[in-house]
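Read from first to last, the chains carry the letters A, B and C; within each, the first residue is number 1.
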Amino acid sequence: MGLIARALLVFFLALPAYAQQKFITVASTTSTEQSGLFKHLLPAFEQKTGIQVRVVALGTGQALDMARRGDADVVFVHAKPLEEKFVAEGFGVQRFEVMYNDFVLVGPKSDPAKVAGGRNILEAFQKIQKSQAPFASRGDKSGTHFAEVELWKAAGVDIAKDKSAWYRETGSGMGPTLNTASGMNAYALTDRGTWLSFKNRGDLVIAVEGDQRLFNQYGVMLVNPAKHPHVKKAEGQAFVDWVISPEGQKAIAEYKINGEQLFFPNAKK
Amino acid sequence: MSAILPLSLRDVSFTAGGRTIIDRVSFELAAGPRTVILGANGAGKSVLMRLMHGLLTPSQGSISWQGENPGRRQAMVFQRPVMLRRSALANVVYALKLAGTRDAGKIAIAALADVGLSQIAHRPARVLSGGEQQRLALARAWALKPEVLFLDEPTANLDPSATREIEAAIQKVHAGGTKVVMTTHNLGQARRLGDEVLFIHQGRLAERSPVERFFKQPGSAEAEAFIKGELPWV
Amino acid sequence: MGEIARSFAGAASLIFSGDATLASIVLLSLKVSLSAVVLATLLGLPLGAAIAVGRFPGRRAVIVLLNSLMGLPPVVVGLVVYLLLSRAGPLGEFGLLFTPPAMVMAQTVLILPIIAALCRQAVEDAWIEYQEQLRSLGAQGMRAAATLLWDIRFSLLTAILAGLGRASAEVGAVMIVGGNIDGVTRVMTTAIALETSKGDLPLALSLGIVLITLVLILNAAAYWVKEAAQKRYG
């Protein structure tokens, strides 16, 4: 038995030395990671501070739950009411606004619900529900899903009651949901970042964009060391500070896909 | 002086699957004479040997050796030997090491020489011929110089020349002082190798006599029929 | 059809480009899965052998349970290990979540039943052939099981390769306990999942082809070693 324990120890230690460099764990969302923002942003921070940033990308709900359990040092998501609740519950120290991006409604070129070109998302949602055109929803407790549900509410549609075969909940991330939408020529609400990098569009195009209600605010919070003493307070705070600093904000603005800026920094000065 | 003989069986019975395979058998095996257990197929010879060796437990009656637990002082060679996937020498060494022998390597080499297998010591045991494997099994069992060597139909699967080699080895075993107890259904072999015969018929000990008397003047009708070749099966 | 052809071309160019990111992902995949296989083998072979030769109450229930655990869903294993390693969980203080060791742990749990169950079956089958001879030579319990394990080592290779296949193919467990962190815990399967969800299907398929090629090479190497060794040992 002792031989086995020793063998176990040797194997775990022989694996890549992962704990030698300083690092923090940031819980963020799949859509943020898949937009490619972190690949652009983090090297600058790492170079400046020597702190490696390890991003675990989940749905917003999962990211916040993970932080509640103490498995992350910083949270970087986009669901303001949920974030404020997180701080109110004592799990987050303070919420800082960082940037915003926007959602767009994509749909098939054939546009069965006749919403293309519009600038009013609520009208578009009402038309889709009336015409029962197929709609792919994330249905996964994410920030995007949360925003979508709020829009249905604002459009006067009780989506929990009024949904039927036309409303498909995939229970998955933005990419897989878009895959599904592309596969069945359905409408879907997506963040612009994911859309710009999405390569499997099929017949989908942007149907509605530019409505103020489609703006998507990001917030960053340090997980409260009072609740979880092992949280890397100094390094985590360094990341929060940097992201809302002029330097970090500039780096965010500089991130472009095909020449288009995705995220608009708006940290309060 | 033997430490484990005589072996006595008292009213030993063995039942399995509702059948009585060995039926109230009693006898004593003393050191010295080569004992051949003779009988038709299905008479119970192999089961009787396994009972004596200790692989099976009697359903009734008792089997007792003299003195303490015989351990490796009695060994057995099976009709079909099972060799480990290693060299012939390694197979013998394995058996010796199990018994805690020192200098297992040297003793094993000598054991192989005793049965004329020195040249194939390093060949994989499993690719040896049937006769060679049986000789190896004999060397493995005999390496520890047991007091009793059980052999269950040792040449039943072998060709005549291999049979001759095994019989020669068995003579050597006897000459070395080991008590030989052998089952066979081959009458000629029994005459060649045996000093006394235990004739088993339908699980009972039907007759026990010195070998020549058994063949010239069988005491029972069943023995007579067997010798005449009229009783191949039970 | 064209898409698949492009993916094969893509896979080839990925491999020959010597891309550093791909190289580190492949290396990590190998380290994690091979470590899990080694651990699961060290634990699973004795476990399977012990169940095969042992006789204890509830043995049949244990065998059924072990066989059923072969079908453990990777995502469930990932979830359970996550809850164990989470800071809120019993082993949280070690800070192992989202690290390669956590992935090794999860995969070991996943493939341990496969290796143990297949080993148990192989040992049990061989036990029928070896049992009498081993008992006769004086090998008991775990000593006999160990001898048997070494003797059937070539058949056991199949069980080990089955474990390796399962480990290299699964994504559910490593995704949850590893977090698919870029440069830290991203392996081939989680990279494929990521590219698929990003809609970059050709890249995902190319990575898939690289993964399958890798596993093919490992299996071919194992087969070649087995053939060569079997020729030597019979």
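Definition applied: contacts are C-beta pairs under 8 Å (C-beta built on N, C-alpha and C of every residue); 3 or more make two chains touch, one makes a residue touch a chain.
What you see is a predicted model; the values in this text were computed from it and never measured.
If touching chains are joined by edges, the resulting network of the protein chains shown is an open path. More C-beta pairs touch across the A-C interface than across any other pair of chains. Using mean Cα coordinates as chain centres, the one most removed from subunit B is A.
Centrality annotation: C (chain centre taken as mean Cα position, compared with the mean over all protein Cα atoms).
For this pair, subunit B with subunit C, the centres built from the Cα atoms lie 47 Å apart. With centres set at the average Cα position, the gap from subunit A to subunit B is 79 Å.
Centre-to-centre, using mean CA coordinates, subunit A is 33 Å away from subunit C.
The multi-chain contact residues of subunit A, meaning those touching 2 or more other chains, do not exist; every residue touches at most one other chain. Those residues of subunit B lying in contact with subunit C across their complex are 50, 53, 55, 71-72, 75-76, 78, 81-82, 84-86, 94-95, 98-99, 124-127, 140. Those residues of subunit C lying in contact with subunit A across their complex are 28, 31-32, 35, 38-39, 42-43, 86-89, 92-93, 95, 97-101, 104, 179-182, 184, 194, 196-202. Chain contact summary for the complex, subunit A toward subunit C: residues 4, 7-8, 11-12, 14-16, 18-19, 25, 30, 34, 38-39, 54-57, 69-71, 172-176, 178-179, 182, 194, 197-201, 228, 230.
Of all the residues in subunit C, the ones that touch subunit B in their complex are 129-130, 132-139, 143, 147, 150-153, 232-234.
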